[in-house]
């Protein structure tokens, strides 16, 4: 079975930093419609810090690396993004503890741990118009590919597609719960910022 | 944007340092984690921590001091501080009696304060209790919250919980009286102008020359209705009406009144507005035990005001009247 | 004009009544002559009276109380109170030890306070002394004065003379220390926006989006130069430079610092500005004994700030640090 | 010698009330150029009050009447106008104490008492760009007419003319002392508000 190495994981996070920093302003704009317009800024703050502290991050294994990324995010991102992305990375870190490589099954488990951590922290579920609406389909797609013993590349392609579709669908949701619920009608026709960001990140990672 | 600042990036740290410079004998500042604490901590009593996004000055750092908070954690303007910031505040003010976090009910704040509390409990065996202030009667759910927003009533929670902690109550006792305060406090406000977030540099919303946003939040979030500016007397009537109906406050109740400015409204207008509000309360036979008028929980430079009522019993009265010595409130 | 008021005509009385409602145990209001007094007068000590046009809130009524003023006489917005108003304040707070009037140096104020003093001396045999505060270094003569304008430094004169009166000094002694304060206090400010006088309903002057009025007065009078908005650090440098050159303040001097907001500038900016000013003073090796930051002497709703420095000796330090219990300043 | 009766004095003050109230806005505008624009309002406040309290004013003699007008002004006018106009009326009251009539000599003395009271209160002199620049010429003209044993009407006509001319001349003065001195150059070409008002009042009184 194909596996992902620790270096590949690190390379992926480094690429995520670039993508998130590059998209700082567009991500803010996505959050302006029904949010307070700071999503891109909040998120970039953490990933800029990951770049800055890159040499000091733990690199013993995949778990230690992801956990230390999570700590940086938890320290430097405020707002809702800090705890959501921070606990996602720390959750993945726990799942990938002591691992030097990940196969597709393990990747699916690790991403599921991110979803669980986010849900534990924020209490949202599928359909609440949050980034989970892109992340959960992405994780489900990876798990299906793993069950089907797919190769990595097509699995990633399917997963990115699922994320983008999930994000797209958030347009149709009038937020009924949580942060966007007050603006109600005003949130319809606009996708959720966090969900869209997941789609964008997944897609752009494929191109690297 | 016309502001007396250097750069938006350095604003929060410069503001906190300027505050500590003004109160060097009372306050200390941890610049790494943007935590303002008492200079002389009292490690025997329950530690009280609050905070949130900056832009609500003097909240929250202005209420650090004897009889109120032990620490205020300062986020960027209108953004919750990070989990690690809050966690460090818990560590820094750790007390044998435990720690109470007073959180305004916004999802970012709740998640970060909650996560920090869990960290301190799990990793450091610190007892950490939490209360969530949600006094705004204007809207049930808003842009940034699940449930009602926490606004100016938070100051009264600081005051009462602070007095309870100072008199030596245990964590459960301080938490209980904070929750009792939250259960009895209600607020509502309106804006005459928008605020301007420094990093954005332009007003958050636009009102016509004769328009107000009724029911506005302390981040310039929309309220109930956008309408024509009316008289102070009329605005007092409508805020008091909405607030009284909500709890409800009824004839004979004793209350504390907070007439709060949002930052851009001069004291001249706030005092005048206080007269109108007092008349409304008197007409409803509410007895005003204590009044605070001023800029307590602001929305940067927004013009406008809010009214907060807290229903009092003997316990709350005694705690409200207990001494406090902080930059922004001395009793 | 967008203000939280009822009508411009009723504004001053409603504001004063609203202030007394907020501080019912401390203040009383004579509506006929618009005089705010202490509720519990002390007839043994020298009586201290100040006042002037309204629009400078919390000045002056906010400084009535133990350790500061006995009465504040409230004129219309930006217009001196009448002679008879001042005269009645003298009668109402008459004390065996005599009365000191603390007058800001504007021609209307000087004439009315002088005439009232003469009336009380001639008709009622009350000893009345007067001091004239003229701390603004921006311009020598202005629209409303003969000589320099009295601005935020007045608050420090209230504080120090108030403490001297409270400790039982005689009229000559209180007057002498008030004059010593005046001789050692200097101020200067700038505006980011104009104020709007309620009766007029439109801004007094107009500034472009990137312009400030440097050296502005507390009625929106012109200053030294109209120029581009610059950084807080730069503005601090220039105000401190002008103030220090004037007295002069020199290395080693101990000072009190008042960073005063003009009404429309939020505390966020004032605290940040305080940091910049403090750094300037430290660079000149001035020792800051005490700092006040906030809205003390406002120009209605004008955005902007002023810096006041008072050179201290042991006597002034002790009086500045003495207790005060007023709505707007508690020490 | 012709004399002025107490009734005529009272009639004149009543007429002054009308003139001042009618000119409230123009007088404010005169004060806007180099002043703070409240002169008309400040002055009208006192004279409106004289109208309101008309029935309660003392009317035993000319002096008592003018003194009680002065007290009303001193009570109800703030700013510079209160003490200036108040002490002028109280000064005239003292000068005309116990008098039932005034001849032109006594009128000159009484008006001089107004000038003296204003100067005692405010310390200004001729040429300082204040209302004295109209009032002093008016008084001097009355005194000259009295010396020449002129009839009342031509004396009043001359006096009003002198006041208007005096006011007109304040245009040429760059205020060198006092309130308008800061605006310096800006005050030139504009007459002083108080002086102009004296000219307007004197002229309009003649028409009644």
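First chain written, first letter: the chains are A, B, C and D, and each begins at residue 1.
Keep in mind that, in the parts below, a contact is a pair of C-beta atoms (placed from the backbone, for glycine too) under 8 Å apart; a residue touches a chain by one contact, two chains touch by 3 or more.
All figures in this text were calculated on a predicted structure; none of them were measured in a lab.
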Most remote chain, CA-based centroid, reference being subunit B: D
Mean-CA-position distance for subunit D and subunit C (Å): 33
Whole-Å gap separating subunit A and subunit C, where each centre is the average of the chain's CA atoms: 57
Whole-Å gap separating subunit B and subunit C, where each centre is the average of the chain's CA atoms: 29
Graph class of chain-chain contacts, one of line, ring, star, complete, other: line
Interchain contacts (touch definition) - all pairs: A-B, B-C, C-D
List of subunit B residues in touch with subunit C within their complex: 2-6, 11, 14-19, 21-24, 54-55, 57-58, 62, 192-193, 209-210, 229, 231-233, 235, 259, 263-276, 278, 288, 291-293, 295, 298, 300-301, 303-305, 330
Complex interface listing, subunit C residues touching subunit D: 53, 75-76, 78-85, 107-108, 111-112, 114-115, 139-146, 199-200, 219, 221-222
Subunit D residues touching subunit C - in the complex, by the definition given at the top: 34-38, 41-42, 71, 74-84, 86-87, 121-123, 177-183
